[in-house]
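The structure under discussion appears below in the form of structure tokens.
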Amino acid sequence: MKPRIPVVAGLFTEDGGQARLLGGHCPRCGAWFFPKQWSFCRNPHCTGVTLDDAELSSRGRLWSWADNRYAPPPPYPARDPFVPYGVAAVELADEQMVVLGQLATGTDPERLSLGQEMELVVEPLFEDDDGLHTVWKWKPGGGS
Amino acid sequence: MKPRIPVVAGLFTEDGGQARLLGGHCPRCGAWFFPKQWSFCRNPHCTGVTLDDAELSSRGRLWSWADNRYAPPPPYPARDPFVPYGVAAVELADEQMVVLGQLATGTDPERLSLGQEMELVVEPLFEDDDGLHTVWKWKPGGGS
Amino acid sequence: MSDVRILGVGMHPWGKWGRNFAEYGVVAARAALADAGLSPSDVQYLAAGNTMRNGYPGYVAGSTLAQALGWSGIPVSSSYAACASGAVALDAARARIRAGQADVALVIGADTAPKGFFGPLPGDRPEDPDWLRFHVLGATNPTYFALYARRRMECFGATPKDFAAVKVKNSRHGLSNPNARYRKLFTEDEIAESPIVADPLRLVDICATSDGAAALVLTSADYAAAHEANSRSVRVAAVSTVTPTYPNTSLDLPDIATDSGVGAPPPPRAFRDSIAHAAYEEASLAPSDLSCAEVYDLSTALELDWYENIGLCEPGGAEALLHSGATTLGGRVPVNPSGGLASFGEAIPAQALAQICELTWQLRGEAGERQVENARVGLAINQGLFGHGSCVILTS
Amino acid sequence: MSDVRILGVGMHPWGKWGRNFAEYGVVAARAALADAGLSPSDVQYLAAGNTMRNGYPGYVAGSTLAQALGWSGIPVSSSYAACASGAVALDAARARIRAGQADVALVIGADTAPKGFFGPLPGDRPEDPDWLRFHVLGATNPTYFALYARRRMECFGATPKDFAAVKVKNSRHGLSNPNARYRKLFTEDEIAESPIVADPLRLVDICATSDGAAALVLTSADYAAAHEANSRSVRVAAVSTVTPTYPNTSLDLPDIATDSGVGAPPPPRAFRDSIAHAAYEEASLAPSDLSCAEVYDLSTALELDWYENIGLCEPGGAEALLHSGATTLGGRVPVNPSGGLASFGEAIPAQALAQICELTWQLRGEAGERQVENARVGLAINQGLFGHGSCVILTS
């Protein structure tokens, strides 16, 4: 079996078979950040000097979505021939933030609706001799 | 015999065996430009709307020089192994301007002196399967 | 604070020629100076918007243009703020004049655009949000426009036919504009046959990238009064170059996530609303005062969002406002009388200035077939990547 | 025109770590705010110098830093002027305050530098002078520095030993500077053994490229007076950001030829002389008024040129002035008391601001072992590619 390699390190995990986004959380004001990016809190009213590493909610509600029919330029690792891909914006309730992700393979964008529950999965974005290069994606969830 | 190909088109010629820099000349105010770059005169006191194509003087006086001992980054087509190269700044009397150029092959920078006469030559900068890629250079001239 | 006025405007037409951006900029600058009745030697400060895909000269656009126009020793600045670059350059020039450090400033934006989607620079930069969104998601600019458009459809019942109606309107407005790149009237049928780029948006819903340039001559009120014989000047009533207020929970290019709403009070208004709000406050004007507006129609659907962001109607009311004809030439408040980005395509650092050129012509009554009747107050608005809002209000 | 003052300064030390440039910038900005006794929410305008080798965030450095410090809705600007970027950002902030549009502005420059020679972006751009000089001539920055140095040797009899003496002096000055990257005293023998990079210059004659950041809090005079308890402010007596005057017959980076002297009167003074001249004029001060100066020693030889350009001596007199000890700490007018670029290496958009941090500490009497006795007037000068001069004069 080919190894699974995150397309970018440190943004997500699928340890234990559970897809999770890896962000930052401010222990002082409670704000969340994805990506974590900085070691400090970006809330200007907060004096928090360090952020904790934190996993974000893996479920949220669909805020909007798009279905892309043309190959993006590099650094997108477009397959040849190009395969259209959806992008979803999902609102996480606890974090009160919207996070983008591709739509999971096989998702029919025509059957989506605003506010429906979505869950995080990790799937291959592309494959090469080194292995399966994975990324987080959003999949209609909650039994739908 | 390999073809001779200018490294950049339009900046110089060696037609008829005579090396010449190709610049611009304003018929209104008399200013010279190298490279020509624009179709209009850059003298703010001049209303000249077009520049003539013009050949610059092929002789001038040495204004300064440098001897480079490290390979520059791309897009310089450095040879491997790297060969040190000199750069000369030469003042053209009629044009009242200073033009840079590499020192011609075989020029000993130790034997140069300020104000000495220099003449323009065209020499290969590098060679590949396509041919000899040429550039203008400055060579001690005037019988020296 | 002293008053600042626009004494002259000029453009190089929009198109796709691939020539040096500075060549376009010089043409626009000379046109603006001629329009003002001034010569390059009258200019005391030059502010330019940068362009990031034209090598080093584009990083120092102010200096590149100053050299091309003929070095005159004056201070120059070269600013970048993505789509808002032109407005930020105008803002710098206005402050310079208000500070009493110059009476005459030249503001220039010029671009030569590559073909196709804008992509990031080569390299491997996971910490660059612009690189990250392309690499992990393929989230191009049209992807974001499509997310906004779909959101409108779901929240307000907008349809692709509504979006098409924006295109029909703007293509009609631009028909007679000599500076527009596209002068073709689109029909709804043609639009429906255009290929889908990022569903729900089709190719014709999304603005192209263009070459082009625009320039303004900005002066103090006293200088304008003394040179009014040369030209009819218009007043810069407000320039807003606001950034978001934390937490910015609206999805913005190029981020892959918004701020979190936890732990901080929500800002008084959403970022896009705050852009025009700051300008109205400064000008002491309200949306009902507008004679016309130029809004950044990167997509057809986005024009509808702007109607609401600039207060022409309540959220969800844009489609009805559009179909009422209010935003069409001849209506109550024509939007994008120039033809907008739909007719121009985007020339990044020039576009915000092109909006101001159009408003200037409108306020002077010199817009020809595009003329908005009795135009007295015009607003131009846009938003650039990385939190760059820009809104300018001009009055006659 | 109203007076503008520096209420706080701060730096991130110079080094080479390869971390995100904005991280350094935030550290410097917070240090400057703390020095001024202010908090981020007091800032009404943010001006940053851009960095061109750090992806899109570097093109919009003002916005990147505003986001990292916490979006507060304020206007930001992101300017580029090569080595003069920091001074141009300061200039923008000063105009903003003078215009009455802000009382408190934060000015930041931060960079993460690649290793080795600076090279142009990938691509094939014969119309980009920066690309052209590398491609056809291999004319790196040190090549130009060497041309100037050789010219000094031929015209004025300077020797490599004179250049080495500049390095010895600056390395001694920087020894105790906690923000300097190199804190090592060079001897003449070590310098003579350093490899030749571009004859007549050796590796140690040429400044390295560094990571680093510097920031200033700029305020109106009234605001500074009201907050003087927080900090001792210094006065910005002049900011010159002049460009050349045509015809510029001095050889300048990155051009492969100068302007032609034919057809136009020569400018009243050479470009490098004009940079300080404009600042002296604005401040109504003369070279003899200077307590100390920070000059852009991209090379050791260039420091000697600056002595003449800022009027410390006549052309050709710099070597004698140096050997007299006048420009050494303890002398009449110490030059580069910070240790200069020789001790820091260059962090492009931060360097001009680092000069100003040093002058501020000097004028406040807070420079510790580097303190210039009784410092009352300081000058900082540099020159960026593409005709960007910058000179700032501060007074206590």
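For reference, chains read A, B, C and D in written order, and residue numbers begin at 1 within each chain.
Heads up, the rule we're going with is that contacts are C-beta pairs under 8 Å (C-beta built on N, C-alpha and C of every residue); 3 or more make two chains touch, one makes a residue touch a chain.
Since the model is a prediction, treat every value here as computed from it, not as a measurement.
Asks: So which chains count as neighbours of both subunit A and subunit B?
Replies: Chains in contact with subunit A as well as subunit B: C, D.
Asks: If you tally contacting C-beta pairs, which comes out ahead, B-C or A-C? Let me know.
Replies: It is A-C, judged by the count of C-beta pairs in contact.
Asks: Counting only Cα atoms for the centres, state how far subunit A is from subunit C in Å.
Replies: Centre-to-centre distance between subunit A and subunit C: 32 Å.
Asks: Between subunit A and subunit D, what distance separates the C-alpha centroids? Give it in angstrom.
Replies: 43
Asks: Could you tell me the distance, in whole angstrom, between the mean C-alpha positions of subunit C and subunit D?
Replies: Result: the chain centres lie 34 Å from each other.
Asks: Tell me, which residues of subunit C touch at least two other chains?
Replies: 67, 70-72, 120, 122, 127, 131, 246-247, 259
Asks: What are the residues of subunit A that contact at least two other chains?
Replies: Correct list: 42-46.
Asks: So in the complex, the part of subunit D that touches subunit C is made up of which residues?
Replies: Interface residues on the subunit D side: 1, 20, 50, 52, 54-57, 59-60, 62-64, 66-67, 70-82, 88, 91-92, 94-101, 120-123, 125, 127-131, 240-248, 254, 259, 267, 274, 385-388.
Asks: Can you tell me which positions in subunit A touch subunit C when the two form their complex?
Replies: Residues 7-9, 11, 26, 29-35, 37, 42-46, 63-70, 72-78, 85, 87, 89, 94-102, 109, 113-114, 125, 135.
Asks: Inside the complex, what are the residues of subunit D that reach subunit B?
Replies: That would be residues 116-120, 122, 124, 126-127, 131-140, 142-143, 146-148, 150-151, 154-155, 195-200, 246-247, 249, 251, 256-264 of subunit D.
Asks: Mind listing the subunit D positions that touch subunit A in their complex?
Replies: Residues 22-23, 26, 40-41, 67-72.
Asks: Touching subunit C in the complex: which residues of subunit B?
Replies: Contact set of subunit B toward subunit C: 38-46.
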